[in-house]
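The same chain A turns up in both complexes below, where it pairs with chain B and then with chain C.
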Partner chain A sequence: MSEKNFLMGNEVLGRAARAAQADAMYGYPITPASEIMHFWAGEAGSEAGHDQGLVFQQAEDEIGAGFMLIGGVLAGRRAFTATAGPGHVLMQDAFAMAEAMRLPVVAYIMQRGGPSTSTVIYSQQEVTLACFGGNGNGFRIVYAPSTLQELFDYGLKVFNTAWKYRFPTFLLGDGYLAKMLGEVELYDPAERGLEIVPTEPYLLEKKRGIDLKNVIPSPELEVRYSDGVEYACLRNCLNMEEETLTVNQEIKAAWDKMAKEVVEHEYVGQSAAKTVVVAQGIVAAAARQAVQEASGSVGLFRPITLNPFPVEALRRSVAGAERIIIAESAYNQLGRMVKDALYGQVQVPITEYYRPSMSILPEEIAELIKDNVAV
Partner chain B sequence: MADTYNIIISGEGGQGVLSIAEIIAQAAWLQGKQAVCVPYFSTEKRGGISMAFAQISDRPIAFPKFRQADLWVALSERAVTRLESYLKAGTTVIVNSHLVKDLSKLESWQPRIIDATKIAKEQLHKPRTFNMVILGAMLNFVPGISKEGFAAALDKQFADKYARDPELKKLNQQAFEIGYELIKK
Partner chain C sequence: MPEEMSKLEIRSALPKCARLDSKPHLFCPGCGHPEVLKALGFAVDELGLQRRIAFGVDIGCSLLAWDFFDFDTVETHHGRTVPVMVGLRLGNPEAIAVAYVGDGGAYAIGAGHLLNAAIRNDNILTIVVNNGLYAMTGGQEAPTTHPGWKVKTAPYGADQYYIKAPEIIRNVNPAAFVARGITSRQPELRQLMKDALQHINGNHGFAFLEVLSQCPLNWKTMDSAEATFRVLEQEHAKLFPTGRF
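Coming up: the complex of A and B.
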């Protein structure tokens, strides 16, 4: 039954993972994401968690946690991790392997100050890292919730997206969303008609609903038979450049097919607005309020999936714009994506408001809008 | 933005700054208000400085931070400097006079002064009631929370603790009554 609660963002995510029927977490504590792990440790150690076979393992560091997560997924666990900042950097090796082999690892990432150790508080400077980190091509799905309620909604959703499409899937939050307390409605996904996409092992010689040939790039998979038993042999180490090209082409083809179904955005305000604000995450929540209170022809475009980026929707949303405002708590990370999407499409000035690691309040967006609204 | 009541609290690590913000925000929420709070979290510990933001409103709150406070609570000398920029004309200022000796900067706000440290130690004989004394003082100003409603909210928030330690309920009630009466508008 759904109920309203007064909770901290990190606990909301822990509860979302439970509601999504996650059954394993591998992690290493780091502010501002630690309470997700604390919550899970409590669940795994409880009688119910024990009966349900919940797994919790604190690794020696984030490198270990990332690869344990891969192990869990290969074994068919609905597994996840939670991290931030420098820990997020350390997990990129494992995340790149997950991209390479189409392993549906799930991570809750709560951005903190950067570069490096910096502050433990808040930022939006892990957008590029979350979307394009690792030595690959950014084949990972990234959702950016903007409210505590969306931490629950998308904290649930990431598991389904990951297992349905078999791509690494991340929820990119931030230190404020992680640490703030407020009202959240928790619910059982079944009540809302949300089905739980099943998990299944990649390894182990068990029956699978989805043939690995339809998931793992062909150069990485060899099926062998011995004594009538089928063995799936996987590798992420390739010999030839051509094999690597094939791997990337096959992942790209699957990515493009998935992207059409997964890409998500929100638009608030007048359609064909003359001033369009583009913001993501919690800054989009501030912008939403500013746009709702603004007079004049104003709209907010908010990418919900930062990757794949809602390119077509953005182009449609700014079709009537005379000005575009990009606001983010980073230098040009969302900005770069927006400009890439709009290259050659629009001829209007773009105001870029970049405040790495600083709050962007509704008032600030309102001021930006006022300066820019054509009188 | 305008109809949201903004509260900022700062003090030394260990004084319970975050608990104060959490309790007041949750109490408001339990009485049907929208409320949000967030700590300014760093590597605070004893000896560090701690700070928290709370907002109470009749409608959903978009962002957990704000520029200027309606209610401004400094629990130690260092907190005064830390919070200075959040003052505006008409901000209600409460200080814990036990640790805030220099009020010169705050004169034009006519600060409400309460020695919560002393009350907790000498009158209530439990230093940990410090929080509740401050909360009682704050209650005079926070819109939409009645004293009775606050007591009821505490019963919910502290249900587990009260079950284990029934004395605590009495003590908390006493502490916030003292704080409330001392600063009464």
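Coming up: the complex of A and C.
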């Protein structure tokens, strides 16, 4: 049964992981994400958690947590981590390995100010890192929720996306959402007709449902049989450039197929609006309010998946626009993606409102809209 | 049919769990790694653990072991094999998780992981191949490089400090299995492998085995087995005493 609860964002995420039937978490404390781990430690240590075999391990650092997470996924666990800022930086090493081998690691990332240790509440400065942080081509799915309710909805969804498509999948929140208190509707996914995608070990699984050959890029996998038993050997160090090209091509083909099904956006306001605001995450929540209260031809385009980016939908949404406003709590991270998507598509001016690590209020966006309308 | 003969010869020299079609292996002639791997393989054969092994290999010359065995195997990143095996074993308590790492991977870049796995008494076996330097990348200084050894990043001789890891592990974990073996004493090494595997198979927690091993390429002893053996037995084993700790 669904129920309304008054909860903090981080606890909402902990509960989302439970509702998604996640069963392992590896992490390292960092504000503003720590309460996710506290919640999980409580769950795993409880009698029910014991009975269900929930795993929890606090690692020695985020590099350790990221690689333990990989170990958990290799063992077939619906495993996740939660981190932020400098911890998110350290996890890129493991995330790159997960990208290479198509390991569906899940991370809740609650952005904090940057660069460096900085502040812990408001920021959207980890967009580029979350989407493209590895030493490769950004083969990871990134969802950006904008409300407490969406923390639950997408906190649940990331696990299904990860295991259905076998890509690293992240939820990108921020300190403000993490610490915000509010009413949230929690539900059992079954009630909503949401199926939980099954997991499967990569190693030590002798009866496979899904052939590893359909998941892991071919140069990285050797499967052999001895005495009728299958043994899988996985590698990520390759000998030849051609093999690396093949790895990337195979991942890209799977990515393109997945992207069509996974890509998501929200549009609010008048269709074919003359002024279109583009914002994501918590800033989109402020923009939504501003757009709803604005008079005139105004709309909000909000990418829900930052990667894959809803390029086609954005192009359609600004087709009638005379002005575009990009607002984000960072310098040009969402902005770069928007301009990349619109390059050669539109001839209209773009107002870029960048406030790294500062909150952006509905009134500020309302002002921007007014200015734009006036110009 | 000389080729068939050589396959047969290879087979009889190898443990049953070794893969024939990935042989001959890619390590340099005279390298110690295959000797360590064989000792592990024979121990696995004897204990009948092949189907339960999750074998994690580090980046370093250890990565050449990625298809050495018919084991479920994963090659990880440099220094990160210990946490991968820790996470895997927590996720699958039936797994016999073995991390195979070089001394650079274990004692430099991955030192924090190793030490904390020992402190937590994680139920995995870590095998560290100590050849006194970074082999794969061309012979740079490692935490195990002997005082005075001239290596690529210490061309005038390494300083006097080096790590005695089993001694440290013993210090932080009184319950762990801790030993140091050497490639040149195979029966002893095989026994250490067996005991280490039994330790984790019995869920007794952390098992740690350092193996002194030769790197003829970077030791510049490629043309003389005697010279390799001399460095191994007379220099390496002198600095790092073998035994159980």
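Heads up, the rule we're going with is that the second predicted complex is superposed on the first by the 372 of 375 C-alpha atoms of A that agree within 3 Å, B and C clash if a C-alpha of one lies under 4 Å from a C-alpha of the other, contacts with A are read in each partner's own complex, and residues count from 1 in each chain.
Quick note on the criterion: contacts are C-beta pairs under 8 Å (C-beta built on N, C-alpha and C of every residue); 3 or more make two chains touch, one makes a residue touch a chain.
From a predicted model like this one, the values you see are computed outputs, not experimental measurements.
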{"item": "When chain B and chain C are modelled together on chain A, clash or fit", "value": "fit"}
{"item": "Touching partner for A:Glu222 - first (chain B), second (chain C), both, neither", "value": "second"}
{"item": "Contacts of A:Pro362 with chain B and chain C, given as first, second, both or neither", "value": "first"}
{"item": "Touching partner for A:Val268 - first (chain B), second (chain C), both, neither", "value": "neither"}
{"item": "Comparing the two partners chain B and chain C, which touches a greater set of residues in chain A", "value": "C"}
{"item": "Partner chain in contact with A:Ala79 - chain B first, chain C second, else both or neither", "value": "second"}
{"item": "First, second, both or neither for A:Glu60, with chain B first and chain C second", "value": "second"}
{"item": "Touched partner set for A:Gln289, first chain B, second chain C, both or neither", "value": "first"}
{"item": "Touched partner set for A:Pro201, first chain B, second chain C, both or neither", "value": "second"}
{"item": "First (chain B), second (chain C), both or neither touched by A:Thr31", "value": "first"}
{"item": "Minimal inter-chain CA distance - chain C and chain B, angstrom", "value": "26"}
{"item": "Complex contacts: residues of chain A adjacent to chain B", "value": "6, 31-32, 119-121, 175-176, 179-183, 282, 285-286, 288-289, 293, 359-363, 366"}
{"item": "Touching residues (chain side chain A, partner chain C) in the complex", "value": "24, 26, 55, 57, 59-61, 63-77, 79, 93-94, 97, 201-204, 206, 222, 224, 226, 229, 231-237"}
{"item": "Contacting residues of chain C [partner chain A, same complex]", "value": "17, 19, 21, 51-52, 54, 59, 63, 66-67, 69-77, 80, 83-92, 94-95, 112-113, 115-116"}
{"item": "Chain B residues touching chain A - in the complex, by the definition given at the top", "value": "1, 22, 25-26, 29-30, 34-43, 61-67"}
